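The data blocks that follow each hold one structure.
Presented sequentially are two complexes of chain A, the first with chain B as partner and the second with chain C.
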Partner chain A sequence: MRMPDAERAQLRREGLKTALLMAPAVIVFIGLFVAPLAWFFVQSFWRNATFRVVPDFQFGNYATAFRDYGGVLLRTLGTGLEVGGITTVLAFFFAYAVRFALGRAGPLILVIALTTLFGGYVVKVYAWRSLLGLDGILNGALMAAGLTDAPVEALLFNAGAVTVTLTHYLLPLAILPLYGALADMDETVIAAARDSGASAPRTMFDIVLPQIRPALIASFAMSFLLAAGDYVTPALVGSPGNAMYGNFIQSQFGLRMNTPLGAAMSFSLLGCCLLILATVWLVMRRVLRAR
Partner chain B sequence: MAAASLLELRGLTRRYGTMTAVQPIDLAIRENDFFAILGPSGCGKTTLLRMIGGFVQPSDGYVLIGGRDVTRLPPDKRPTGMVFQNYGLFSHMTVRQNVAYGLRLRRRPRAEIGAEVERMLDLVHLSPYADRPAKDLSGGQKQRVALARALILKPKVLLLDEPLAALDLQLRKAMHQELLAIHEAIGGTFILVSHDQTEVMTLANRVAVMSGGRVAQEGSPTEIYDRPADPFVARFIGDANLLPARRTGGVILLGDGAPPIPSPGADAAVDVMLRPEALRLVAGHGSGLRAYIEQVVFQGSHVRVHCLAKQAGGAEMRVTATLGRDVLPAGSGQGAAVSITWAEGAPLVLPAGA
Partner chain C sequence: MRQGAVLPFAFTAAVLLFLTVPLVLCMLFAFTTGNASSLPVPGLGLRWFRALDANPQFWAALSVTAQVTVGCALASTLTGLLAAIGMTRMSTARAMSWLVVLSLPLMLPPLVLGLALLTFFTSVGLKPGVTATILAHLVFTLPFVTGVLYARLSTMDRAPVDAARDLGQSPFGAFRDVTLPALGPTLIGAMLIAMALSLDDFVITFFTTSRNTLSTLIWGMMRQSITPEINAIGTSIIAFSLSVTVIALRLTRYRG
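Up next is the complex of A and B:
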């Protein structure tokens, strides 16, 4: 049956309205995100000559990105996995306690944890610098307690300091999706699992974790990506010897003025991260499935 | 006592701060009983059930199942199974996986689990839905999955926490029949918590009426209906006229024209309970409690007639009768004079209460 003309005109008007409403966001997204990204993707196959970029099509930049910087890439992804893993686990326990164990104090403690989001990222990095430094609070406490005579140098400017700082910064971000998922969970489901004969840990693995799997993946992905892509924290609390991939990308775009290599390294890191996320997603789906 | 009791509660109590949700309760529930705990919301019945299931720790007292003290055992170590009011299905699993879960935890052979699950799904008429995700089912279907999931573990005591409250009337009636058939088929002790007296009358062979955290009366449904212990129980189970009166010299006079009701005992204020269906109306003021019709309400198979009568003291009281349409006296309109009669033995004298 044909649609009456009036109805079709109405539909057209609705469509036009939707298009107009979305236009600004789409223009900004394409102009400021998709277009520059595409431009750098094209450049990543070009060649760098002295102070200028020569259009070409070759994989030399990618070869360099993996060959010369392969070790850094692996270490960076390792740091990302470590920080992402620790953060997600800590965030889960925190969110679980707020949801199920802390009763009325829970929401207050959640708000306190989230207020750390008000502090800027760089401020937190510097805070850890002063906490872990030679004349920092931790060393002061250790010496006051008589545990050491001289300040411990091993606290700062190493991979451990980077992990601690990044975990602290990412924790509230990772808590949010997990708390949201747990808040939506029906407590009766947990009671029913216990009633069916599942111990508390079994209930956790069979029922709770599978039901909040999307949130677990979201929390992990966010902390993993932000940690693997970070270059400020390693520069400020890490040692020059274990700079991360992002630091080298930064220097290609800056000091070395090698945009094609910088772009190729960026896309290499992006590709590896997506591969790891896909793997994590598959593993989680396999491990946390309904049995 | 004839049969040994399977479940025994001894002084079971639950306090929340200064509030006592469940006063010390002693109950003995026999094997194969379909036992109902009936009461208004907030009377402590769900807390009591949760203490039996192990989900709420009692502040005091004991839970014994088959003579064994299970008071401190967690739910997964008790021989109880629970059907929750809002189902509590594992939404990430299929119907089959939900029902099989408990047996899988017990590491039964795969073939045995499969056969048991089929049998249970058949029992609750869900075989065609076995491989649907649990979250895609309707309310009644979810309730039956919850039932099958609990029953497959052959619990000594099946706890039903308002299991049908979320279903519409037709479905609820159908589920009543199914629950009875299942109890008949597999036996076992069922404990039902409900605020719906019709449901309890239909299903249970023993009833405990709870009010304010204590058991107001325990007995068979007919005992409780015919011989309520106090005005609260009388009003909660079915409709009841509770007519205020005084006992003087072993006799109670309800009002003008009413036959004296013999009632041994000291002089006191009492409530006389008369069930609406025990009353008959006769046109005109003859022998029987003199009253005037206030309102006639058509209810399909019967009519409810609200009448106004005078107490012995002179104050007005409302008396409601439920009659078949054929026995309503001719000319029974608003304001008509009638006499209310009842069979000897119909009135029950209760201590005056709320």
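Up next is the complex of A and C:
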């Protein structure tokens, strides 16, 4: 049976209205995300001549990105894995304790933790810098306790300071999805497992973790990506000797103005990150299976 | 508290201390009367806030920040509102896939997004400045604003709107007189969420701005020295974004 023309025209009008309503958001998405990213990708194959870029199609920038900066790239991915791992584990135990062990104190503790989401990223890095510095609180405390006579220089400007600062910044962000997933979980299933004699670790690995696997992956992916792509924290609390890949990407846009190499380095980093995340996803799917 | 909760309690307490102590100390040192951000604090006072008040760089940065945050919040809320209305006209599954697509920019490290935007803006002839920063912030605030507004719109009772339509109101009239007043608090809440996100950003601002905003000002000051004046700016930012967020959460009743 054919639709009457009037009805079809009405449907088309409604569809057009929806399209018009979505139009500004689509323009923002395409004009300020898809197009810039595609353009950046295209430029990664161009060549850098003196003070200008020349259209080309060659993989020299990618070769440089891996050859000259390969060691830094590996170290950066290592830092990302370390920070992502520590953050996800801490966030999981925190969310788990809030959900199942703390009773009525739980929600208040969660709210206090989540208020630290705000305050700004640079402010947090600054807070750690003044905390770990030569005349910082930690040194003051160590000297007051008689543990050292002179301030310890080793607290700031090293890889440990970078890990601590990044973990501090990412932890509240990682708690959010994990708590959300645990809050939706059915407690009776856990109780049933324990009642039928499953040990606590068994219940954890066979029931709890498989059920919240998407949230675990989301928390890890976010903290890993943000840590591996960071350049502010290493620049302010790290040492020049262990600068991260992001610092070298950023320096291509300063005085050197080598956009093609900077773009190639950005996509190399992104590609490696996605490869690692895909591996983590596959491993998690194998290891954390509901049984 | 239940018995056997000692270990979880100790663990969460340690995490809470780790999360809050640096920020609390940062705020404490803003009120020191001494010369350094360190313990012991000789006395409490507004010395460093007065220094901030006398600093023309601070006021200039505050003005740029205000333009960016407010501009971004308005543009983001208007775009997000239209998209959220459009999404209520689709099936839930379809609306959800729109939301996922619009959230894709959040998966990109800010450094890569910032540099891609910088390169793109340079190529199309848009100079770094307030407009460029507002456009850049639109990318990562839009998914949050759209999500919050869609969540409210999709759970709203449709009967009053239908009644207004039956009584002869135009679709726009019904929206203006019925939907908008009910949506009001959520709309303001969404706007405040966009402001808080825009205020917190450093990396993308750094690549798209020509003059200092508060966050790039802190970055610049920090590379030279560490004075409690930075603590005073930091404390102002923390206080502002925290209160904005508390109000936003109250208004939107947005959970998760």
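Keep this in mind: the second predicted complex is superposed on the first by the 283 of 291 C-alpha atoms of A that agree within 3 Å, B and C clash if a C-alpha of one lies under 4 Å from a C-alpha of the other, contacts with A are read in each partner's own complex, and residues count from 1 in each chain.
Just so we're on the same page, contacts are C-beta pairs under 8 Å (C-beta built on N, C-alpha and C of every residue); 3 or more make two chains touch, one makes a residue touch a chain.
Being a predicted model, the structure only gives us computed values, none of them experimental.
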Superposed partners chain B and chain C on chain A - clash or fit: fit
Partner chain in contact with A:228 - chain B first, chain C second, else both or neither: second
Winner by number of chain A residues touched, once chain B and chain C are compared: C
First, second, both or neither for A:207, with chain B first and chain C second: first
Which of chain B and chain C A:188 touches, first, second, both or neither: first
Chain B versus chain C as contact partner of A:290, first or second or both or neither: first
Which of chain B and chain C A:89 touches, first, second, both or neither: neither
Which superposed partner A:196 touches (first chain B, second chain C, both, neither): first
Vertex chain A, arms to chain B and chain C (CA centres, degrees, nearest 10): 90
Touched partner set for A:168, first chain B, second chain C, both or neither: second
Gap in Å between nearest CA atoms once chain C and chain B share a frame through chain A: 10
Of all residues in chain B, those that touch chain A in their complex: 53-55, 74-76, 80-82, 84-94, 97, 101-102, 104-106, 146, 149-150, 153
Touch list for chain A against partner chain B, complex: 186, 188-189, 191-199, 202, 206-207, 210-211, 290-291
Interface residues, chain C side, partner chain A - complex: 1-2, 5, 8-9, 11-12, 15-16, 18-20, 22-23, 25-26, 29, 36-39, 78-80, 82-83, 85-87, 89-90, 98, 101-102, 104-105, 107-113, 115-121, 123, 135-136, 138-139, 142, 146, 196, 199-203, 207, 215, 218-219, 222-223, 226, 230-231, 233-234, 237-238, 241-242, 245, 256
Contacting residues of chain A [partner chain C, same complex]: 14, 17-25, 28-29, 32-33, 35-37, 39-40, 43, 90, 93-94, 96-98, 101-103, 105, 109, 112-113, 115-131, 133, 135-137, 140-141, 168, 171-172, 176, 180, 183, 221, 225-226, 228-232, 236, 246, 249-250, 253, 259, 262-263, 266, 269-270, 273
